[in-house]
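By letter and in written order, the chains are A, B, C and D; residue numbering begins at 1 in each of them.
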Amino acid sequence: MPASLSRVQSQSRLRGIGGLTLAEFLRWFPWRVLVFAASGVAVLVFARVVWAAEENAKLAPLLYIFFSLWVAVLVLSTVATTQGAVSSEIEEGTAAWLIAKPIGRPAFVLSKFAGAIPAVLIGMVGIPGAIARVVLKRAADNGDTDFTAAQVMDVIANSSSRDEYMNLPSMSRYLGLLALIGTLMLLVVAVMILLGCVVRAQTAVLGLGIAAPVGLLLVGQLAPTAVAELTPGWVLTSIVDIISDNPAPVLAPILVTVVWIWVTLAGAVLLFSRREL
Amino acid sequence: MAAPALEIHDLNKSFGRNEVLHSIDLTVPQGSICGFLGPNGAGKSTTMKIVMGLLRPSGGRALVFGRDVHRDGVGARAQVGYLPQHTRFHPYRNCREVLSYVAHLYPGRRPASELRELIDEKLDAVGLADKANRRAGALSGGEAQRLGLAQALIAEPALLILDEPAASLDPHGRQQVLGLLDGLRGHTTVFYSTHILEDVQRVSDIVAILANGRVAALGPIEDLLEAPTGGWTVRIAGQVAAAREHLEAQPWVSSLTTRVRGDQELWTVDVTDDGTAAELMLPLLLSDESCDVMEFHRAERTLEDAYLEVVEASHGG
Amino acid sequence: MSTVTAHIEAHGQPAIAVHGLRKRFGRTDVLHGIDLEVPRNSVFGFLGPNGAGKSTTMKILVGLLRPTDGSAAVCGLDTVRDSVAVRASIGYLPQDSSYWRHLTVRGVLAFTARRYLDGSRSDLRRHVDDTIEQAGLSSLANRRVAKLSGGERQRLGVAQAWVGRPEVLILDEPSAGLDPEGRHEILELLDRLREQATIFFSTHILEDVERLSDTIAVLDRGRIVASGPIDTFLMGETGQYSLTLNGSSDGFLAALAEAPWVDSVEPTAETTWNITVTDRTAAEHLLLRSVVGHRDVQVVDFRPARRSLEEIYLELTEATAQAADDQAADEQGPAVVE
Amino acid sequence: MAAENRDRAGARPSRLLPGLTGLLRGELSRWLGRRGLVHFVLWSAFVQGLLVWNTLGDDTNPMRDWRGFDTLIHLWWIFLPLAAIALSQNAIIEERHNDTAPWVLSKPVSRSAFVMAKILGDLIGLFVFAILLQGVAAYVWLPKVDPAQGLPFVRPEFVRFVAVIGIETLILAFFIVLSVMLSTVFRRRGPVAAIGLVLWLVTWQAPGRVIKDFTFGGLITGELEGPGFKALTEYLVFEQPLDPVSSVFGTAVLVVALTAAATLIFRREQF
């Protein structure tokens, strides 16, 4: 060993998380992120086509169609993309390769999550959200066909809708909506990581992954409010309320969900550290 | 009379711009056991995969009992039992179920009772009788290899194509597999690849050596083992450095390679004059009181030497 | 002299120490309490039939499996309690190695090196390049893992185990699936590493063990059936040598038979004799010198009458297989009566 | 034994899709084991459970607007494509990942038979557990109970019921074949599942005449908001003519085309 190099000293159970997170991050950037951003835009175009076909002059249905479809597409495609995050590394034997290195098992699990955060927030939610804001604003302004840079800046900076009966959410509310969606996606990622640590069969990982958000939706709608507000279902309810132009809290459901994300990840860490490879 | 078990004419295969096989010709007569040798990446597995219809040839053709593997792939494969290099089975089936599954993929029906007997017989032959109900996913590497052999045999094919049948087997298992192949001599043709040259020496009739995508040697094994080598082997212990220098300085020593074995050294001494070496080398070494000679004899030629020569020659050509 | 004790005295704790290690999968016992000690800076060959539990033992050492009972320590650290620290001193090559398919050979090594070593970016890069060259991977450095052949992948496997410069190398069948050239290269590579690391490796190719290891252990059905320095295995208790001579040797042989350290001299072929000695050290020093002293005779072939490791191995494992069958029969006996 | 060998060697494999029976036998044997049990339990719980809950629910039940057989159609539409995607995305990719695909294909079986066995295996399994068993059970018990509110359910005409089961099977076949086809194109599960799932979502609100008239989009979509599986519900519950019939043919054509594409693409794959 050359004298200029020294042994890594840390014996923490999080040892190696930096390098692993970077490697995870590079799986998302740039291609997956671009595909997610593009599919967000595609949903937007699709929603506009449906909206136009219905000859509906109001903005509300467009908002509703776009956001409900977009969130559903995001959830399902994230489930599909992350189904193998842990389980296929175990299946292919790369998990054994990594764990034979001086890497803490918790670091392996948590890096899966940490590496996905920027991709989720920027690629999945941020970019399509910003583009949607521009397009929705244009729809709200009714009729302009071409963009200028000044117009785009105006749309981003100016938070209120000029047309009273189109109800484009204010900028702060819109950002709150995006934050809710982002939190929901992070929860989905955490749940898929947990499932990968528990279930062996790929079909079951995907099946349970799809069933989980559906279950959340049901809980959010059916359970008594007091119970529902202790679950991440609250985020979904809030999202639905905002896009239906009803008043809804933003911060509280996010906090509740963040707690759930940590619980989920803690479960994943615990299960993975007992897993034989 | 009958068509050869396997006939390969002018076979080419390229992956993109990388040419793996350069017009191979090879004939394996019926009833023979042919060992297929060559370095990693020489194209052995590629050749076998083309015969099994898993890869498309870029040119030329391969025939199994006269049937073209490309045009009548199913007909050709019906005659063949194949063991891929990395055998893995559906993990949810147990050994017995794997064999039954494979048996049903071949044409021709067998009554259930006969099939059961056949499965037991093959499991026994490869030494898996006591693991018949173990899930394929829970088999160790060597056990999976045995099951792989059993599934290649299950349809009692006229030609066996085995890609490294003895790899990852323990010495017992290897002996068992070699015994099994030996027992097939006469009524089943076997074409198998391996890196363990000892095995080839024990059971093959013919050897084909593939190097750099070309057949570098083909023929009976005895032909390969004829030429002798010119070196001597010395195992020496003690303060050997001076002795080595002294020996290397001799005009009749052309080269000396050293391998360290614990507190001893193993030398291979190539000489220009064998008679002088036989006469002078040992007294010369022993004149140095600080070292002892543990072993002294002519280097022996093995199939390994023959193999390495053929392969190196083909690299040069 | 026992090299093992000498090593332990010289270097403190053994590189690997395993005590009463048991492992059970479901209802199957794979390891029945094994004990093992690998001295530092030795090359330790781990032998045994398929399914004996070699890979399981190795996986426990690197923390991929949890022991059911007993303990294992690497460089004095417990493999369960100090798992991360243990793995920091181990380079491991699994039986079926796989890496992220999207990485290149250099990528795998750079990623692995950074798990073990700290240093400037350029120093690390130089270090990785050195390892690539040592492992003979220079021409493949930029090839993707997915495109490697079996032999190339195996060389990468040894390189990634070594790139962190660990104190202990645990290699599960490092030469499996390699052609003779590739095997030579790997063995030579390991031979060069023996000065710098303890090597604990399993294999089925007994020739490799004979070439490389100082010490061996044979595992069969989850039990260690034999262990010790390789020479004691190969030579047995008494020294026997085979000697082939050229020339008139009768007088010389008669004199030799009289030497105090010679037990017997028996012809085995026309010019070949089997010499049994009572004192190996004396024989090693004097036997050949006594021949060279005679002008009329010339040594054509001299070697210890070693048994092949394969013979010994087959004897050992067959004996335990027999014992296990007997035991099984005994266990069944009373059950039938009940 | 040598004589027997020659006999067996002489046995010609069947012309059409050689090896299909053996392969399909292998696929179906999986359904007879744990997989079948899991599916039986899950489908019974989801379909019958939600039917019961919906039927006996009171005013607070958010799905109170749905009627009995309408609900059945709705539940099928939600769960069948999801199950088909989850199951079939794995069918070929799993064999590729495990290296079992080249092993199986080295037997005297054709590549097309391999693909067809995957499609038929999943189709038959899901048809039995998800459509047939659940449909028959609902057909028998639904008309016999009094819902907590509203009118009792009328048992639909048998022929219409059979036709609806046929159409549901066709939709199921579409998603299975789509997933299998995609998995001959992509190596990873992610894109296969993602494309299938997004397509499923999008057809909820299928725009445009072409999609409505010539795919199953016309059978399952209705208004933008709320459950409105107009065509099939009207056909089954209100005994209207099936409109548009072209949707059924269009879907069948898609299934055939995707199957052809899957086999053609898979035939070119090298292992």
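Rule of thumb we're sticking to: a contact is a pair of C-beta atoms (placed from the backbone, for glycine too) under 8 Å apart; a residue touches a chain by one contact, two chains touch by 3 or more.
Fair warning: this is a prediction, and the values are worked out from it, not measured in the lab.
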- Task: Could you tell me the distance, in whole angstrom, between the mean C-alpha positions of subunit B and subunit D?
- Result: 48
- Message: I'd like the Å distance between the centres of subunit B and subunit C, where a centre is the mean of that chain's Cα atoms.
- Response: 23
- Query: How many angstrom between the C-alpha centroids of subunit D and subunit C?
  - Reply: 56
- Taking each chain's mean CA coordinate, subunit A and subunit B are separated, in whole Å, by 53
- Counting only residues that touch at least 2 other chains, which ones in subunit A make the list? 92
- Message: Show the residues in subunit C shared as contacts by 2 or more other chains, in ascending order.
- Response: 96
- What graph shape do the protein chains here make by touch: line, ring, star, complete or other? ring
- Message: Per the touch rule above, enumerate the chain pairs that touch, sorted by label.
- Response: A-C, A-D, B-C, B-D
- Message: Could you list, by residue number, the parts of subunit B that touch subunit D in their complex?
- Response: 49, 52-56, 65, 73-75, 77-80, 82, 84, 86-92, 97, 101-102, 104-108, 155-158, 187-188
- Message: Using the touch definition from the top, list the residues of subunit A that touch subunit C in their complex.
- Response: 1-2, 4-9, 11-13, 15-16, 19, 23, 27, 92-94, 96-97, 99-104, 274, 276-277
- Message: For the complex, give me every residue of subunit B touching subunit C.
- Response: 38-42, 85, 140-143, 145, 164, 167-174, 195-197, 235, 237, 259-262, 278-279, 282-283, 286, 292-298, 304, 307-308, 311
- Parts of subunit A lying in touch with subunit D, wherever the complex brings them together: 39, 46, 49-50, 53-54, 61, 64-65, 69, 72-73, 76-77, 79-81, 83-84, 88, 91-92, 202-203, 206-207, 210, 221-222
- What does subunit D use to touch subunit A in their complex? 62, 82-83, 85-87, 89-90, 94, 97, 188-194, 197-198, 201-202, 205, 207-208, 224-225
